[in-house]
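Look for chain A in each of the two complexes below; its partner is chain B in the first and chain C in the second.
Take a look at the complex of A and B:
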């Protein structure tokens, strides 16, 4: 990549090939976090505008006020008092247990399906069925089987997470370059080492895709199950306010859900992924560089 | 002393969706290699060169016939250098070396580093393959094959994906490292120049995987590119291929 060329008159779609030599202001305007913040601000503005023209949509200020009352345990009027940490802790606990069970099972299943034909025959269809079933089905089934206990939501997380991990990891294993498998065989690399370095190492990129999807869909189905079949947790609390026609509460809890899942992705999964992919030194081309 | 015995080796690939006709890669090939010699198998595309090496390495099975690679009567340890480097991109260079190594200890890391130094890559042990050029990755592939202390070294056109200058410098590395160990080597190529520069013997194949001719080369080593004696043998090999009517398949390459 050379120095930026002087392209003369810039049109609206022209960009310099690199950020080299760009001013601080130009770099800031092109930095993804800045653009992300800008997009968020825009979204909130649109939301606020809709709330302003439609009284059924709570404004952002209302939502924030409501959630502050929830967090502080203050009064919502009448006998209703704020409750925040207990539902959150309950849901997080179920989520963590569900992931701790589902992720390893799904990963093991995926590696098996990818690596062995017999496992593909045995589990592939089951996994696809699991993948095709919407979370709400698990919600009703779990409620039927376990009543309103904690196991319903946990089972729903497990059953949602397993197929996402399995499908992605098995695809990852099958995408391992055949030349590498042949190389391992020609050097008589023992099975254990092949499993760790070739199979697991090679399917890690798809494993991460699976993990991210599993984290998101797992959280989704947890909320749905709590909505329909639980007496505690974030989903239950959101429904509580929905049934009470207190929309700022309902929307506030949904927002909280979105914020939590985003934080989890940014603070935990992204750094982990970057660390796992430090071998991939080739810079990812951005759209403008490809132009 | 290692021996490779190839008897009446035939390999036929069944029809596939992409290629509805069955393909005969090797058609009754017989040859034997004994001792610390460097043998080049030269032939045009479709003469079954890669298939031959894969069968010797045990990663493919023959349709009929037999291949035995033995060291003092027991199956020989094989070191394979492929056309492409075939390194695990998610492991560092030294971990790629240790991946194929029998033992895991400080000594094997030292050995890995020793062979990396032999190919001029002493300082890249902890880098990832993507941080190396294509030629450097191929040198790692060569070092890896020597690291397992092979009885038989298999090389499948290891320089064909590289530019001419890099290819030539890698041939020098290979020649130097081979001279130190003098492993029984089976090297397949379609490039007559590199075959003559490297080999003690050239086995010429014709399309369909049958031996056409066998030439011994008795020139002192290390051989230099452009040396008149090397050039004479090159001409002789090409003349024989001409006689076979196969030279057109080479085009300008290797001439």
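Take a look at the complex of A and C:
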């Protein structure tokens, strides 16, 4: 993924005027929450259809039943008992530590690269190399360096988060209106204030875009590294059920993994990004929701 | 803080000479810092490899380079690479076809556009590794996994940019063609396709960047051949230099395709107008 650009299609393409007195039913059909639900239902329906066609694939009812047992700590048959909160808490902890280390480093690097030419020459290529390496390479390296300890997943999160933050923030700094920089120079605004209001304020929107991408890719590489080299966490639990040929458990944990990041993105990151962009432009990575 | 000095012709030329020298110095300084950056990168790699980690954990750069040369000459790089790249290409082609279909729906009605926008938004927000893992049980170990996942991941990018491109078509051109009695097919071939081609290409480049990573990931989880399987095999036999060599070779080739071939095609086709870049969905 390169640095994201501005908002994509789905703009005012259809120029037909909207009907003036739309009925309640029509308004409901057009309301964003309804369309969101419909989109979700469509995806679930596709899954259920695959489950009907392919006997190896568990249906949604099986997945839900399995996950309820898992959550309540009941028996899955034999000596296998449900485990839910422990793997989840472990993964969350690793994710939080990785982000807490990676985001500030990436942000500092991005501001440096954006603000100073020498820093750009020095670090830009390295950051691009880090960005180009797929998360799976980091996951494997981290697993081999730290074995089964908790530091492998954390390092993998840090290493995927840093380049995303750095690339987006430096792009943000470079996109700051040059006129503003010149003006602040001519008016002899002290460096500290220039840093806070101009550099930091101006790059904030792309910083949030970077943050969003970083959260998503960090979560991604956490799952990979836990799948291949951990004895706890969401990724490990999914792998555990896969190896035990209990596909509902495996799919259930993968779905949970998707649901968690989607919720985080929808409830926290996306509104933050929208807010940060409100003063000048539209956010990236979203489809237009007006009309 | 600045004082106004009197300007004479002599002082102007002196000043500009000094400015020129400073500009030249800063250009060289920049190049120097780029070189220094690479030296630091390789140097840190050497330091970490020699002092912090064992060679079994991180081989030194030249060892990896030699290994890569070995892989290229002796270990069936061609066959595995062909398998991988063909899957990416097939998935990409399917994504293009699907995008055209979805594009028709989008052009057909506003309601469909909104619904599809939402669906694609959901798909984009799903971490790519989940597709890789899910293809394990839906398809098992099969070459269809990388192909389908490439398609799923590339489609939102291409469709978004297709919609974007169609939105950007100059409406007056269509009206004019209509008044000159052009047929529908002529308008599509002569106006719609050329005007939206660039943004489609921009989207295709972005999609490609995501697509080959997903294909690689899927091969690592569920494939009987290809570069991904070789990387996984090396990892599972603790052969780090092999793993790094396979991965770096593939990544370098993919980045070359991404940045040289696709960008060049885009530049060539965009000579007649201002360039458009791809848009992330």
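In this section, the second predicted complex is superposed on the first by the 245 of 291 C-alpha atoms of A that agree within 3 Å, B and C clash if a C-alpha of one lies under 4 Å from a C-alpha of the other, contacts with A are read in each partner's own complex, and residues count from 1 in each chain.
Note that in this section a residue touches a chain if its C-beta (ideal position, glycine included) is under 8 Å from a C-beta of that chain, and two chains touch if they have at least 3 such contacts.
This is a predicted model, so every value here is computed, not measured.
Asker: Touching A:36, do we find chain B (first), chain C (second), both, or neither?
Answerer: The answer is second: A:36 touches chain C but not chain B.
Asker: In the overlay, answer first, second, both or neither for which of chain B and chain C A:201 touches.
Answerer: Touch status of A:201: first partner only.
Asker: May I ask you to decide whether A:93 touches chain B, chain C, both, or neither, giving the answer as first, second, both or neither?
Answerer: Neither: A:93 stays clear of chain B and chain C.
Asker: For A:149, decide between first (touching chain B), second (touching chain C), both and neither.
Answerer: Neither chain B nor chain C is touched by A:149.
Asker: After the superposition on A, what does A:257 contact: first (chain B), second (chain C), both or neither?
Answerer: In the superposed model, A:257 contacts chain C only, not chain B.
Asker: Under the stated touch criterion, which partner chain does A:247 make contact with: chain B (first), chain C (second), both, or neither?
Answerer: second
Asker: Specify the partner with more touching residues on chain A, choosing between chain B and chain C.
Answerer: C
Asker: Looking at A:183 after the superposition, I want to know if it touches chain B, chain C, both of them or none. Which is it: first, second, both, neither?
Answerer: first
Asker: Please indicate which partner A:193 is in contact with in the superposed arrangement: first for chain B, second for chain C, both, or neither.
Answerer: first
Asker: Please report the chain A residues shared by its interface with chain B and its interface with chain C.
Answerer: 188
Asker: Mind pulling up the chain B residues that touch chain A in the complex?
Answerer: 54, 57-59, 77-80, 82, 84, 86, 88-92, 95, 99-100, 128-131, 148, 154
Asker: In their shared complex, at which residues does chain C touch chain A?
Answerer: For chain C paired with chain A, touching residues are 1, 26, 29-34, 36-38, 40-41, 53, 57-58, 106-107, 109-111, 113-115, 117-130, 133-134, 136-138, 140, 159-167, 206, 209-210, 213, 216-217, 220, 231, 235, 238, 240, 243-244, 247, 251, 255, 277-281.
Asker: State the interface residues of chain A toward chain B in the complex, per the touch definition above.
Answerer: 177, 179-180, 182-189, 193, 197-198, 201-202, 204, 278-282
Asker: Which positions of chain A touch chain C when the two form their complex?
Answerer: 1-2, 4-14, 16, 29-30, 32, 35-36, 38-40, 42-43, 50, 54, 56-57, 117-126, 129, 132-137, 140-141, 143-145, 188, 216, 219-221, 223-224, 227-228, 238, 242, 247, 250-251, 254, 257-258, 261-262, 265, 284-289, 291
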